[in-house]
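When the chains are written out, they are named A, B, C, D, E and F in that same order, and each has its own residue count from 1.
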Amino acid sequence: MPDSVQTHAAPNPQPQDAFRIPRFAGLPTFMRLPMVESPVGIDIGLVGVPFDGGTTNRAGARHGPREMRNASSLMRRVHHPSGVAPYDLARIADLGDSPVNPIDVLDSLRLITGFFGTLKAAGTIPVTAGGDHLISLPILRALAADGPVGMIHFDSHSDTNDRYFGDNRYTHGTPFRRAVEEGLLDPKRVVQIGIRGSLGTANDFDFARAAGFRIVFIEEFAERRPEEIMDEARAIVGDGPVYISFDVDGIDPSQTPGTGTPEIGGYTTAEAQRMVRKLAGLNIVGADVVEVSPPFDIGNMTSLVGATLMFELMCVIAGNMKR
Amino acid sequence: MPDSVQTHAAPNPQPQDAFRIPRFAGLPTFMRLPMVESPVGIDIGLVGVPFDGGTTNRAGARHGPREMRNASSLMRRVHHPSGVAPYDLARIADLGDSPVNPIDVLDSLRLITGFFGTLKAAGTIPVTAGGDHLISLPILRALAADGPVGMIHFDSHSDTNDRYFGDNRYTHGTPFRRAVEEGLLDPKRVVQIGIRGSLGTANDFDFARAAGFRIVFIEEFAERRPEEIMDEARAIVGDGPVYISFDVDGIDPSQTPGTGTPEIGGYTTAEAQRMVRKLAGLNIVGADVVEVSPPFDIGNMTSLVGATLMFELMCVIAGNMKR
Amino acid sequence: MPDSVQTHAAPNPQPQDAFRIPRFAGLPTFMRLPMVESPVGIDIGLVGVPFDGGTTNRAGARHGPREMRNASSLMRRVHHPSGVAPYDLARIADLGDSPVNPIDVLDSLRLITGFFGTLKAAGTIPVTAGGDHLISLPILRALAADGPVGMIHFDSHSDTNDRYFGDNRYTHGTPFRRAVEEGLLDPKRVVQIGIRGSLGTANDFDFARAAGFRIVFIEEFAERRPEEIMDEARAIVGDGPVYISFDVDGIDPSQTPGTGTPEIGGYTTAEAQRMVRKLAGLNIVGADVVEVSPPFDIGNMTSLVGATLMFELMCVIAGNMKR
Amino acid sequence: MPDSVQTHAAPNPQPQDAFRIPRFAGLPTFMRLPMVESPVGIDIGLVGVPFDGGTTNRAGARHGPREMRNASSLMRRVHHPSGVAPYDLARIADLGDSPVNPIDVLDSLRLITGFFGTLKAAGTIPVTAGGDHLISLPILRALAADGPVGMIHFDSHSDTNDRYFGDNRYTHGTPFRRAVEEGLLDPKRVVQIGIRGSLGTANDFDFARAAGFRIVFIEEFAERRPEEIMDEARAIVGDGPVYISFDVDGIDPSQTPGTGTPEIGGYTTAEAQRMVRKLAGLNIVGADVVEVSPPFDIGNMTSLVGATLMFELMCVIAGNMKR
Amino acid sequence: MPDSVQTHAAPNPQPQDAFRIPRFAGLPTFMRLPMVESPVGIDIGLVGVPFDGGTTNRAGARHGPREMRNASSLMRRVHHPSGVAPYDLARIADLGDSPVNPIDVLDSLRLITGFFGTLKAAGTIPVTAGGDHLISLPILRALAADGPVGMIHFDSHSDTNDRYFGDNRYTHGTPFRRAVEEGLLDPKRVVQIGIRGSLGTANDFDFARAAGFRIVFIEEFAERRPEEIMDEARAIVGDGPVYISFDVDGIDPSQTPGTGTPEIGGYTTAEAQRMVRKLAGLNIVGADVVEVSPPFDIGNMTSLVGATLMFELMCVIAGNMKR
Amino acid sequence: MPDSVQTHAAPNPQPQDAFRIPRFAGLPTFMRLPMVESPVGIDIGLVGVPFDGGTTNRAGARHGPREMRNASSLMRRVHHPSGVAPYDLARIADLGDSPVNPIDVLDSLRLITGFFGTLKAAGTIPVTAGGDHLISLPILRALAADGPVGMIHFDSHSDTNDRYFGDNRYTHGTPFRRAVEEGLLDPKRVVQIGIRGSLGTANDFDFARAAGFRIVFIEEFAERRPEEIMDEARAIVGDGPVYISFDVDGIDPSQTPGTGTPEIGGYTTAEAQRMVRKLAGLNIVGADVVEVSPPFDIGNMTSLVGATLMFELMCVIAGNMKR
């Protein structure tokens, strides 16, 4: 395949050529892209947030970025169904990991917000590998600094609990309650898809409903086509800025076993791909793939799903940059 | 979450509060409920039968109760789709494990029947974690002591073989032939769902068919909605007493790999949940989840499915107790 | 089950009787059939090709035949949906493994072609356990020695690349371009089903399309019933000789994790079974199940899928032999 | 074995009889002993501290108590080399888990100290299953409330670092510096055995040495018999109260792979047993086994080592109670 | 390596040549030797006994023969330290598996004794892959039919318990009490090496000691060279017929994790090899390697140890046949 | 920890500071050092050679460099027993992976020699992560271009076979016969330590012995102290240039299970460390750690051993640079 890499436009960063350097060779940057230190001039930044200090049960998502990078070596250059060639359309790079403090939640929140503030300042759209779901809060603090954003949220949990273990307000079960309270999310422009699992109390969804979230429970999901649900979601979030948050436990745990709070009966990766592809054209300000927990993974199955979802999200965002 | 546990009615046993005691802490009783020694006064008893002496190939289901208890720590308090709050509606407890004899099949059958006889005498409905499928026979001997019951049976195998290895009548492939012969099952009120896999002989289903079982092969299942199939099953079992037996190998082995006799091409856990939920209102005298074999499991995936099915069955039965 | 094995017609080879010899006992030949040295007199030969020297990333398929044999002990004697009792209809045996050279690709190609030439000479139809996908090329060189054949090809990749790593023409990504170039495949009678995954370049399918392959991408697959797709495939390959090649990465990696190039979003094993069953009546000259890589497998899940697909293919071919 | 359990003195709690109830049955309390809620009247309390919030790299020790309980089902009743029958000599029970707060380090330290204060008040000697090594600090705050204690410390790390990640004083790398600073340990009566691994700086041991710890590096260990080293350790700690802390990473990671900071080249479990047995007769106020991290374990190997070490420590302490 | 296989004397069975047929190819017979149906004319028979019905806790040893066969493909042709070329010295073959009945202990005992009786009648010395340790009893019933034999027994347990679970006399904890009672073993010529682990009661060894067994506990083992211990063992068993029984749980569980009753602190595989090699010249009537339990194994580590011990034992016995 | 990294001499590359950036964060370069593209100015180059095309049985070592890099994040900055602070003494960096061709052995040999030729030209001493053992040959072709070197070789195999599979001269069993034939090794200055395992023929060591290699079989190793053996080895290799080759299968497979050709009964990692440390002061021209095969590894145990051995070798070489 002598004509592969060289034909790409020179200025954009390109992945290593798998026809010359085998996929198992070299450093596992995201998508085998160059790692750069500054977001300046980068359109889409692939970023890790290796933090799981908000996890109340089975942690391990701190190892998610490293293993999603590892698995992402299997991603190639072009998104077939859409025809998007992301590296032709956008300057994309691995921007490394956000600083975190593994033994201090509040310090970590500050560090993460600071890191993403730099991306926002540079005009770089982040596609983030978590980390547990608490990381979405400090990311939103950076990205929604100018005003609330909408959100399409794939998950089996609403993550709008209030407190745990006494008076703890910052856990991976509370980010979106905090984000609403802090004015980071416009609750009328929030859609949650795939919610399921047993509840702590019958009132678990009271906050989300009162705030105005649209919750698509898995039972509703099972009755409709993914595309239909996404059409509704697109109508709800509209043209304004929107954040995409993908918790891999939205997917069935047979496909994403490496996660801290698995709930059986989820959607498939194929359905997830169909939904993500329907995000094309939205005004996406950032995206994350969270709750990949390698110590609980088997055969790196979940890391591969996470890396593929990052690729899909990256292609959607790059496709928006088509001229 | 100051309003969670304390608001429950005092007399009913309650799980430990996960907002105060993390899910990984404490002893893994079923659903983190209290373990009690006597079934007296208990409406629904969660029970283990750690026996796999009827297994003709890959054993290990003896370890099922322990690992399903372990996985059940992830279950919370309320069944979302139905709104059933089981611990508000019924007195539910972990009743421990039935005595068994790991090296003597016939002694085990006696011990198990004795244990379940006590539950029946106390009016306690058992939801049992197996064990291999042979355990359904001694359970039925206790529960159907007064007369035959119907059965809805989820499985990839009919389990109506006659003999193995010479003249052995009691294996995990024979319980329901024995149960019919012994007058424990009313064969006209038996439905088997998900049957598939290669056959030993072309006559494998002769006994079941002659007896009057309704067998829904996986090929028929694939053509119909789970709810439709369950409507038919409900009509067949009617208002009389019915036993529910769920062999996890009915589900696809990618979702329940930890089982002794996997057959590819099964239904999904989501379909299983939809079917179990359609059991609401039936006159259920007991239920089991069998053939979870932890030594063959990966990432405790199958134990989680088993524990969740126990939760689902428990909620159906508790829902029947609504006043 | 005293009447099981003995009632079969004497001359045909029969699997060991699982009612007398447990499935975990004895040597793991394919389907617990006798292993014979010569194909003469054998209608269907189950064969291993333990070669993965064409693998450009994650190898291990050389161990596929051994582990598929191991898993095939779970197969019984009769195909339930079709009623085919293969060992009554055909003389079927394990013919052992083709010779290979693990450190020399070209020598392996020669050795494999030689081995399958002997089968062809004997009139034996091979059902092969790979090995990586490159092995289909030397098999076709033997089976299509008299003229091009059609092919129904289940896979996530088209495997029609040209060269890798300089000028290497023989890898598991190139067999079907070579087969067309060498006149082994009639490209107008080739159907590929399940193709997906990111592409190396936007032109990845140019060769296949120009040659006339019918490619059913996974997105199209998701919109149609498997039976519909197979009806079209049957029309395309017609009555002429056809080869069946099943790369297990066509299936979703949650069901076939043990493979070198997993792509999320695949079809299910149940859909695979439905498709394979629609091959009945075609003029099948041979079939393979490839890219089972045990070192990457978990819980032997993929080996079981591979062994079951071999059983399904064998039953289809035996069913054609019904008089 | 009809004479087994019943011959034991009635008042002492006894493990379940494995000749009647198989080891895989029932709840996995420590050593299959009764779980009791209050330490009053209990001589030796087996306790879990499911906390790993001090872990700076690979966490998971929060799951240690549950899996060590699980593995401890393999322990029987009598310590052969010493002849100690612990349940004849002492009242021993599973006292459950200390409360912890998985997302708040300082709150956890308070909760743990409170829990162990109750044991101390009751005169119960704890044998604790961690948790990461930070838990030894709050335990010492309770047990050394009356004055500093000595310590024999098995580990590959000295755990006397000062701060991490800015100004964080409480991690699993700092407990024994804090314990010295707080007057909980008498540094002249502290022995550390098995220290090894690469260092952060050449000054890593300055604090410990200046304070007066006796450090037995693994290189010295390799040159001497374990018994010799323990004779010296016994002389150093003398007759005063002494705490035993066993970090399983002191042992070679081929025997304790399930730990967060493995260092190759450690001592064997047999050597560990020989050392623990030499603790007999010391004035032991408590003991812990820490850093068992089940998500990183393989085949529960490390949990079994941890459970066995707890049994060995319990027998040493019970042996001291011989009249 | 053109001069390898062909130079061997024609009449003796030979393993497949790994310089021509890779080790991963072909059927996994023991040592890649031919499988033959009759022991007649075979000097040393490699045999499987896939039975674990005597296991009181963690079963799985029924799968031992298959996986030890699989692992034995790594064995080559010549024993380096002794220079023994077994296939030059003796006719050795894989004789397949003994018949067993997985759900009937007593029937299995009968079947196994029958099978080994045939070997004894043919003058074939068996080297057996278990199976749990109960299988040594029916083997001894065949091999010691003419009178009691001595035994060198490597194990962590004495296996001389009396009864379990009521009145059950036949479990993997009782074979050698039964063998003494039945006059199969001469208790004055029995040596047990490596015994350790916690005891059920202080009287656990009373039977063995009263009978006259020489027990080498692991504590004594640790103080002496393996060769010294074996010199004593050789003196004890003398020139009379002796059976060798190797329970892999004698070895440390970090080297043989795949076993049902692991006890930490065992000897190493290197020490095991040194001991086995000291058996040269004894009048060995048979040998077994038992308690390899593949479902609990990790990375086939234990199967490899088991297969290597079989090779070592086979070489010792073949070495005795040197002229 | 403001005083940690910054105090190091500015010009030398330094690992990331683990007191600020957690070990699980960031890209897994070797030892968390900077990756640089050119060897110019680098004293010691850490390099990967992801090639296993010479493996005749169980491959996977191609994935070794990636996973050894991953595991090397656990290495800190100072070698405690020697006091060597390598990054103070030498300019050390990750130089990335050598180019390889996964499907062409001869092309790979050329590419590897070319890559290491560049290092030699720059005066950079390579410490290499393999790859299978064949890679030592092309490395020696570069490093011994000026004349033969000595070698200290840790392994369970002599790797001096001649041919495999017909006439194949280049496999992981043949590199050191080729190296002698090509004049790259001075056979009188070669020491092999740990050799063991069954042999293909009684003549397996004829070449090595005739050439003059000193072979320390494991039986001899067991009788002597590692330091003694190394004193002899040092005398043999003398002051001339010497290459160090460490095949992790020299170590016992319970400590390095992730390797292609495990042989039980090896030395321990502690013994390996003691031997490597005795290399100090030798005129080392390069070193490799080979045959780490991640697909066969469990819990990354072998990768950690491999990474630690690289650290040890690097420290020895850096220690030689002390002024």
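We adopt the following convention: a contact is a pair of C-beta atoms (placed from the backbone, for glycine too) under 8 Å apart; a residue touches a chain by one contact, two chains touch by 3 or more.
These numbers come from a predicted model, not from an experiment.
Asks: Based on which chains touch which, give the shortest step count from chain C to chain D.
Replies: 2
Asks: Take the average of all CA coordinates in chain B, do the same for chain D, and state the distance between these two points in whole angstrom.
Replies: About 40 Å separates the centre of chain B from that of chain D.
Asks: Distance between chain D and chain E based on Cα centroids, please, to the nearest Å.
Replies: Each chain's C-alpha centroid was found; their separation is 38 Å.
Asks: Considering chain A alone, which of its residues make contact with at least two other chains?
Replies: Within chain A, residues 20, 22, 24, 56-58, 62-63, 102, 164-165, 252, 254, 296, 298 contact more than one other chain.
Asks: Looking at which chains touch which, would you call it a line, ring, star, complete or other?
Replies: other
Asks: Pairs of chains that touch, anyone?
Replies: A-B, A-C, A-D, A-F, B-C, B-D, B-E, C-E, C-F, D-E, D-F, E-F
Asks: Which stretch or stretches of chain C touch chain F in the complex?
Replies: Chain C residues touching chain F: 52-60, 62-63, 101-105, 107, 164-166, 168, 170-171, 295-296.
Asks: Looking at the complex, which residues from chain D come into contact with chain F?
Replies: Contacts found on chain D: 56-58, 163-165, 196-202, 204, 217-219, 222, 252-254, 257-258, 261-266, 296-298.
Asks: So in the complex, the part of chain B that touches chain D is made up of which residues?
Replies: Within the complex, chain B touches chain D at residues 20-22, 24-29, 35, 48, 50, 62-63, 65-66, 69-70, 96-97, 99-100, 102.
Asks: Which residues of chain E touch chain F in the complex?
Replies: 1, 3-4, 18-20, 22-24, 74-81, 83, 85, 252, 254-255, 268-270, 273-274, 298-299, 301, 304-305, 308, 311
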